[in-house]
């Protein structure tokens, strides 16, 4: 087990009041596994990633309670200094927008090398070789030339590879990818996803893949957790969730993925809006948008039910 | 399996909430106090002849260097004391509001008009005209207005015209720069393209389509300029380039008191406080209007 | 890069001629330039000599030619008050001004950057609030008044610091503080707001993801980016600095260009005023050019631009 998150609560304390962005989620990721976190924007999936990195915007964002156990260490309890030693070395992250993720005033070599120097005790003359090595890992052509270039000289796809190289520079045990393909063109997207599999093959890294796109999930994830309004409402192996989704929200999400082989050309969309995180409904969070809601759904939150070794669902209809 | 964090975190939460309550009160004050000061100043400027207790220019040598009323030796007829030739400081301050306000309003109107026209023309037409106008703007922005004021003062003598001219000749550039950016943005929008398709003339597009859309930014910029213009006018009057004696102006009054710092500091102190208060109020109101009308302009 | 500098240089030269022409025109709109250039005790022959020298009987084009030729030869005329070449007066005054302005401006900029960066880093802390308060105050209070009040407190009342002159280091304290007070707040505010934008950016998050210490994140990754837009407006601060110099020198009786300018203005000593304006213009343009070059150094995108 590389990562185990237990009952994580993360809130933002704003002028309007407390926003419970992540409201008690638990999941785990194994070595060489890709775990997908899927959900609509604002459901708390990015906040989950930032909580693991302990990079919530200060002072408003705070982990309220819960455990994040990475390689046997609870990250929540680490001092800032200890956490920094973990960042980039044991756990790393790729952000959504490659256009702004690289510092415009420093060269690629400088930005990748910085991470290498930070965590690996290498003599200075070895750093460049190491940087070239990691650029190769991300299949960046002509790495020796790229070293001297500035971000604005690269294309979007190439920038995102460089960001990947920074994240992978110390061969971390866990990589969090927060919508890394959303800002890319469709063709480049496919290449980039293939790259992840390749990297995993070579480095055994565990990956958390955060996305809103079930299509991407199908292509890359081994297991997936569906998030809604701060909670994971269903966890399952990818194959099972497509074959037999349990939670009404998951069913709706999968229906809304465009599929070429289906005759029905109308896309399904979920009616209504996710609830405001400021005042959540009393019962099930999905209840107001649910077509199959029961009376109990309005009153009580459904408990998480383990239905098999690898699957669990939070819904009153699933027993 | 719930592990709670150390209590230090809960404390920060409370602190955070406390700060927001204080800021909310401050935000309210930051609107009302400046507004009242500004309105008071406008009333004083307009009705100076009725409000001022004394003739601002009438010297009374026997009463000179009278300290303000709250000090030993102060007289109740001169609330803020008298200057080196016995003129009532309060009355001079009230009349001084006229000078500050009229100069700054006039300059703002002139510069905003010129700057808006050139800015829209540059932003809409683009190309060479734009490049030339913007280079002139850059030059005007980096040229010290004081030097121009000095040249004018020598050439045509100090006074109202010199101050207004000196501030206007360079002042339009700031408007032109901002308006040009706005005009450029708007002229690329769909409704301008549509108007062009419908055969509207360049003049019509500039006046009917672009101008109404930059009014908010223009108003924001103009209010933010009030304080700056009052400061600039005060600076020029301080140096003696402005309104000539005996007409009172705040900047000149500060200068009058300089020689008497050791025995009559109040001559310099009060006009400075007035300038500071009014400029501060102008800036606060400007910020408030900007936040209401056009928050994008935060950077200004 | 080289082309960028050449273009800027050419623009500077054009701007310089623009300023020369403005001073030339101002001299003429005031009526009889000879009267302006002559002191009241000049004999009619002397006034006539000025007329001939300026070629006032000739066309404006020719007059402009004569004028530009004189400026090009460093002939900025003679002071009407002291019958000295203007250029020697400036030679005396300029070093004094630079002695005051250069350290003040550098100090103001360093302070503005440090305080601005710290305020942004510790956003909404008491420290940030103090910085914001100082900035608001500094932008609202007239500098000349603050300087006079400082004289009142530190020189007249407490008698800690000298009022005027430039002989001892203590003489520098009040003037330098005044200029810092003039120039720092605007810059500090801008540094703070750009720094906040930069700190909010994804590449700063990325730098933290790498596990870099906060020190490196702020002073390496953020500062260099936060330098770009404040650098562009240093040029726009220069007018304020010039105004500050004039007022400060006048208050503290500092024998520099500013005091020379004020004295000359009230003596209606046009050649001196004109010369001070021209020299200052050259300085301002030169500094702007330097800023453009350093700007290119900070932002690689400009360095690589072909235009």
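Per-chain numbering from 1; labels A, B and C assigned in written order.
The rule is short, and it goes like this: contacts are C-beta pairs under 8 Å (C-beta built on N, C-alpha and C of every residue); 3 or more make two chains touch, one makes a residue touch a chain.
Just so it is clear, the model here is predicted, and its values are computed rather than measured.
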TODO: Could you find the two chains linked by the most C-beta contact pairs?
DONE: B-C
Open item on the list: So, comparing C-alpha centroids, which chain is the farthest one from chain B?
Closed with: A
- [ ] Calculate how many whole Å lie between the centre of chain B and the centre of chain C, each centre taken as the average of the chain's C-alpha atoms.
- [x] 21
Task: Inter-chain centre distance, chain A versus chain B - centres from mean C-alpha coordinates, in Å - done: 51
Open item on the list: If I count partner chains per residue in chain A, which residues reach a count of at least 2?
Closed with: 59
Task: Per-residue multi-chain contacts in chain C, two or more chains - done: 124
Task: Of all residues in chain A, those that touch chain C in their complex - done: 53, 55, 59, 84-89, 92-93, 95-97, 100-106, 114-115, 118-119, 150, 152-153, 163, 166-167, 169
- [ ] Would you tell me which residues of chain C are touching chain A in their complex?
- [x] 124, 201-203, 205-213, 221, 224-225, 298-301, 304
TODO: Under the touch definition given earlier, write down the residues of chain C that touch chain B in their complex.
DONE: 11, 14-15, 18-19, 22-23, 26-27, 29-30, 36, 124, 136-137, 139-146, 148-149, 151-152, 156, 190, 193, 235-236, 238-239, 242-243, 246-247, 250-251, 261-262, 264-266, 268-270, 273-274, 276-277, 280-281, 284-285, 288
TODO: Would you tell me which residues of chain B are touching chain C in their complex?
DONE: 19, 135, 139, 141-148, 150-156, 170, 227, 231, 234-235, 238-241, 251, 254-255, 257-258, 261-262, 265, 268-269, 271-272, 275-276, 279-280, 283, 298-299
